[in-house]
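Dropping the structures in below, format is structure tokens.
The same chain A turns up in both complexes below, where it pairs with chain B and then with chain C.
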Partner chain A sequence: MSLFALLLLPFAYIILALLIKKASIKKRLAILFATANFLWALALIPLVQFKEMIVVQTGGWQAPYGITLVADKLSVFMLVMVAIIFLVTTIYATQAVDKERRKSGHYFFSFGILMGVNGSLIAGDVFNLYVWYEVMLMSSFILISLGGEKAQMEGSIKYLILNLISALFFVSGVGLLYGNLGSLNMADLSRIIANQPELLPQLNPALILMFVSFAIKGALVPFFFWLPASYHTPPPAVTALFAGLLTKVGIYSLIRFYTLFLYHDAPFWNQLILIMGSLSMIIGVFAASSQYDFRKILSFHIISQVGYAVIALGFYSVAGIAAAIFFLGHNMLSKTNAFLVAGWIKHHKGTLNLKTLGEVYKESTIWGVLFFISAFSLAGLPPLSGFVGKYLIIKAGIEANQLTVTLIALFVGLFTLFSMVKIWLEVFWKNKPRDKVVKAPLPPPKDHWMLTTSVVMAILIVAMGVWAQPIINFCEAAAFDLMNPDKYIEFVLGKS
Partner chain B sequence: MQNIILEKIASLFLKAMIIVSFWLLLRGHDEPGGGFIAGIIASTGFILYAIVYGSVAVEKILRWNTRNWMGIGLGIIFIAIIIPIFMGYPPLTGVWMPTPSFLDGFIHIGTPILFDIGVYIAVIGIILSILITIMEVLKWNS
Partner chain C sequence: MELVIAIFIGLLFACGVYLILRRSIVKVILGIFVLSNATNLIIFLAGGIRSEQIPFIAEGEQTLDPALINDPVAQVLVLKAIVIGLGIAAYILALKYRYFQVTGTHDLDLLKNTDQR
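Up next is the complex of A and B:
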């Protein structure tokens, strides 16, 4: 029950949104349900610390046969982060998303995404993971194309097609896995593979297909094209939501798969993951430096930041996985907040082209400071959360004797700083170019909620950096559980 | 052009399809059938009706907006999911009502049938909302 509510809350909102006509009530209900989801996710933390893991067997069918919902510490950490991002962007959207879009179902489909994300974070079997991915994909596709501007259509078609390919790979992988092993419950699969390691070579096609699908979802290097092609087209509140949730779910699934199945063949997968992660870091950051659109820079940075989390996974140690989890959490906060700032600028200046912007700091000091906090947290300056995240990754890398990759991570950090400084200089500092006048949208919308949410996010970013120790402890406990898959198996299947 | 024979057939076909879909809905669970397929079959009747009489006539039969029908269907599903929770079982468990012995083999009421009815209504709502939108956009027979 405790886990099922995370699915029932968004579902209940969707039902109410279908039955209620009035937009203002729907808005209030959206905030109410997002808050409830957040509180529920918070309430899972003590549960998971007390009982290690939470398992719900829906319909009373026992584990390898029924639909299992499992939450361990990693899931709960992600659920809480997702709930924070969702609550913040929901409140932000009340002012940042125009009335047309809100009337035609902005919240409705955001709750669809929430349901998909929550579902994939607690799914205990592979096929359900796929189903929740689809829920997430369809809702996000509609959300990205809602409004029907020309640029949006172009972006959403690319988004849909590349993500459908990912879904195709995933479901073929699921089919192959089922054909080979006759089970889809993750714990059961992990147990079968652990008992019969000689099965592994014949599973490789399935695992590679699934790995590629997660890499597409998580926007790792050879498969990242959908992300920068689509993220700059929808309203900024939508981009903020996507940046916080979608790629991170791909990486979450990768962590889950790695620690349950892929670790048996660690030498091969570690190499692959490290190479893809390093390439993602480098290519993402270089592509970002060459862009001149605020949101495109940030979108390319997502690719680079995801690379960090992935190399930390590739170190395959408790410290590495803990660092990856912490970094994911940090990145969700900082990246979303950077997009929230971009949204405010888009609303007040009508453009996000760096060449036509300028002097924003003079006009609004507070938004300048907010951007400063999130951008330099992404770049990894102390005492912000990014510093702790990168420090943990680099420390884990040195301990795992992966010096090349660690050096690449440090080097990429420098370039992240470079492109953040570039945005800072171009948007906030330089004199406004007099020859390129873009007329500001009229009338300027009220923005007190936009400001409040962004300030809350900034405080969370600082807090995550300053009071990092309890969070690191939690992440380490999560990583410790992940490194001992037997515990997960025992918990889901019961002792046998 | 008005074609009386076609109109009569369409309205008879709608009634027949609804009866067939009820039969499929109720025989589901243990035998082939169930909420989804029954919903699709019922909506084929509505589709022919809409082609002959126009989408406004379908909206009149439905009485409420298709969005509301989807909401009602999903709401029934929601109720079917949470009933077992209050009785101390995991969500989605099939809970059955005790039936008197002389009805054995005829009627067996429980949450799965509620769930199927919810799916049935939601499927009709979704298909008809797609249909009506398409017919309105194309200005087809209205």
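Up next is the complex of A and C:
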């Protein structure tokens, strides 16, 4: 029951939004339901600490036959982070998204995304995971093209086609896996593979297909091209939501699959994951440094930072996986907040081109500080959350004897700092170029809610850095569970 | 029978990949449709193809020999995948229509304004 609510709350909002015509009521209901979802996700933390895992068998069908919903510590951590991001962007959207878009279903489809993301985080069944992916993708397709501007259309066609190919890869992988093993339940599949390791070579096509699908979804090199081509086209509130949720679900699924299936052939997958992660870090950060658009720089940074989480997974130790989980959480907060600041600048200055902006710090100190906090958290300066995340990853890398990759991670951190300083200098510091005048939207729109949400996010970033220990403990407990898949199998299938 | 269908799936994938590499957006979209049907057939084939018996337990019997029947679960999955594919087909065609209204072109090579340079 406790897990159904995570799917029913967004669904209830979607139904209500169809019935209600008035925009202001829709807006209030959206905030109400997002808050309820957040509180529900919070309530799962003590539950999962007390009972280790929450398992729900839908319709009372026993595990390998019915659809299973499972929430372990990793899922709950991600659910809480997703709920925070969703609540914040929902409130932010009340002022950042124009009335036309809000009327034509901005909240409606963002709740569709929430339902898909929540579903993928608690799916205990491979086909079910695919269906939730599809729910999430459909809503994001519509949200990214909502409004129908020219750049948006272009961006959404690229986003749509590459993500559809990822979904096709995934579903063919599911088909091959089912043909080979005759089961769809993740725990059951993991047990079959553990009992019959001789089956592993014939599963490789299916696992590779699924891995590629997650790599496309998580924007790893060389599958990232859809992300920087589309993320800067929709309204900033939508980009903030996407940046916080979508790629991270791909990485979550990779962690889940890795610890249930791929670890049987660890030497091969570790190499592959480390190489792809390192390339993502390097290529993402170099491409980001060369851009002159606020949101494009941040979009390329998503690729670079997803690489960090992935190399931490490739170390394959409790410390490494704990670092990956912590880093995902930190990255969701910091990245979303950086996009929230970008949204405010777009709202007030009418452009995000670094060459035409300037002097923002002088005009609005508070937004300068907010950007400073999230940017330097991304770059990894103490005492912000990014420092703790990178410290954990580098420590895990040294412990796992992966010095090359660890040095690459440190080296990339330097360039992250460089590109963040570039935004800082160009947007907030330098004198406004007098020859390039961009008309600001008049009159300046109200922004108190935008400011409040961004301040809350900044406080969370600082808090996650300063009071990191309880969160690290939770992540380590989650990683410990993930490294012992027998526990997961036993919880889902019962004692054998 | 399975071999024939497997070869057919391979052909469909080849056609789909050929289509999504074309310049016209309409052909790319058709390629997506072909690919999605090819993946549906993969799931269908994963359930096995046997025509001895329908997957019902006959009256008075307790069990059913799994070697005689198709796996019905795979066919349920195909149904689900077809429905999802239909929804996506409807949306992608609507998006294409709107795109054509806004930009007046079918050419993917003109779609480079949002790319990184």
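Criterion: the second predicted complex is superposed on the first by the 496 of 496 C-alpha atoms of A that agree within 3 Å, B and C clash if a C-alpha of one lies under 4 Å from a C-alpha of the other, contacts with A are read in each partner's own complex, and residues count from 1 in each chain.
Everything below uses one rule, namely that contacts are C-beta pairs under 8 Å (C-beta built on N, C-alpha and C of every residue); 3 or more make two chains touch, one makes a residue touch a chain.
The model shown is predicted, which means the values in this text are computed figures rather than measured ones.
Chemist: Once the shared chain is lined up, is A:Gln57 touching chain B (first), chain C (second), both, or neither of them?
Modeler: So A:Gln57 only meets chain B here.
Chemist: Of the partners chain B and chain C, which touch A:Pro485 in the superposed model: first, second, both, neither?
Modeler: Neither partner.
Chemist: In the superposed arrangement, which partner chain does A:Leu19 touch: chain B (first), chain C (second), both, or neither?
Modeler: The first partner, chain B, only.
Chemist: Between chain B and chain C, whom does A:Phe11 touch in the aligned arrangement: first, second, both, or neither?
Modeler: first
Chemist: Check the residue A:Leu168 against both partner chains and state whether it touches chain B (first), chain C (second), both, or neither.
Modeler: Only chain C; A:Leu168 stays clear of chain B.
Chemist: Name the chain, either chain B or chain C, that contacts more residues of chain A.
Modeler: Per-residue touch count on chain A favours C.
Chemist: Pick out the shared contact residues on chain A: the ones touching chain B in one complex and chain C in the other.
Modeler: Shared contact residues on chain A (touching chain B in one complex, chain C in the other): none at all.
Chemist: Residue numbers of chain A touching chain B in their complex, please.
Modeler: 1, 4, 8, 11-12, 14-19, 56-60, 67
Chemist: Name, in rising order, each residue of chain A that touches chain C in their complex.
Modeler: 127, 131, 134, 138, 141-142, 145, 148-151, 153-158, 160-161, 164-165, 168, 171-172, 174-176, 178-179, 182, 184, 228-230, 232-233, 287, 291, 296, 300
Chemist: In their shared complex, at which residues does chain C touch chain A?
Modeler: Listed in rising order, the residues of chain C that touch chain A are 20, 25, 28, 32, 35-36, 39, 42-43, 45-48, 71, 73-74, 77, 80-81, 84, 87-88, 91-92, 95-96, 98-99, 102-103, 111, 113-116.
Chemist: Give every residue of chain B touching chain A within the complex, in rising order.
Modeler: Of all residues in chain B, those touching chain A are 67-68, 70-72, 74-75, 78, 81-82, 85, 89-94.
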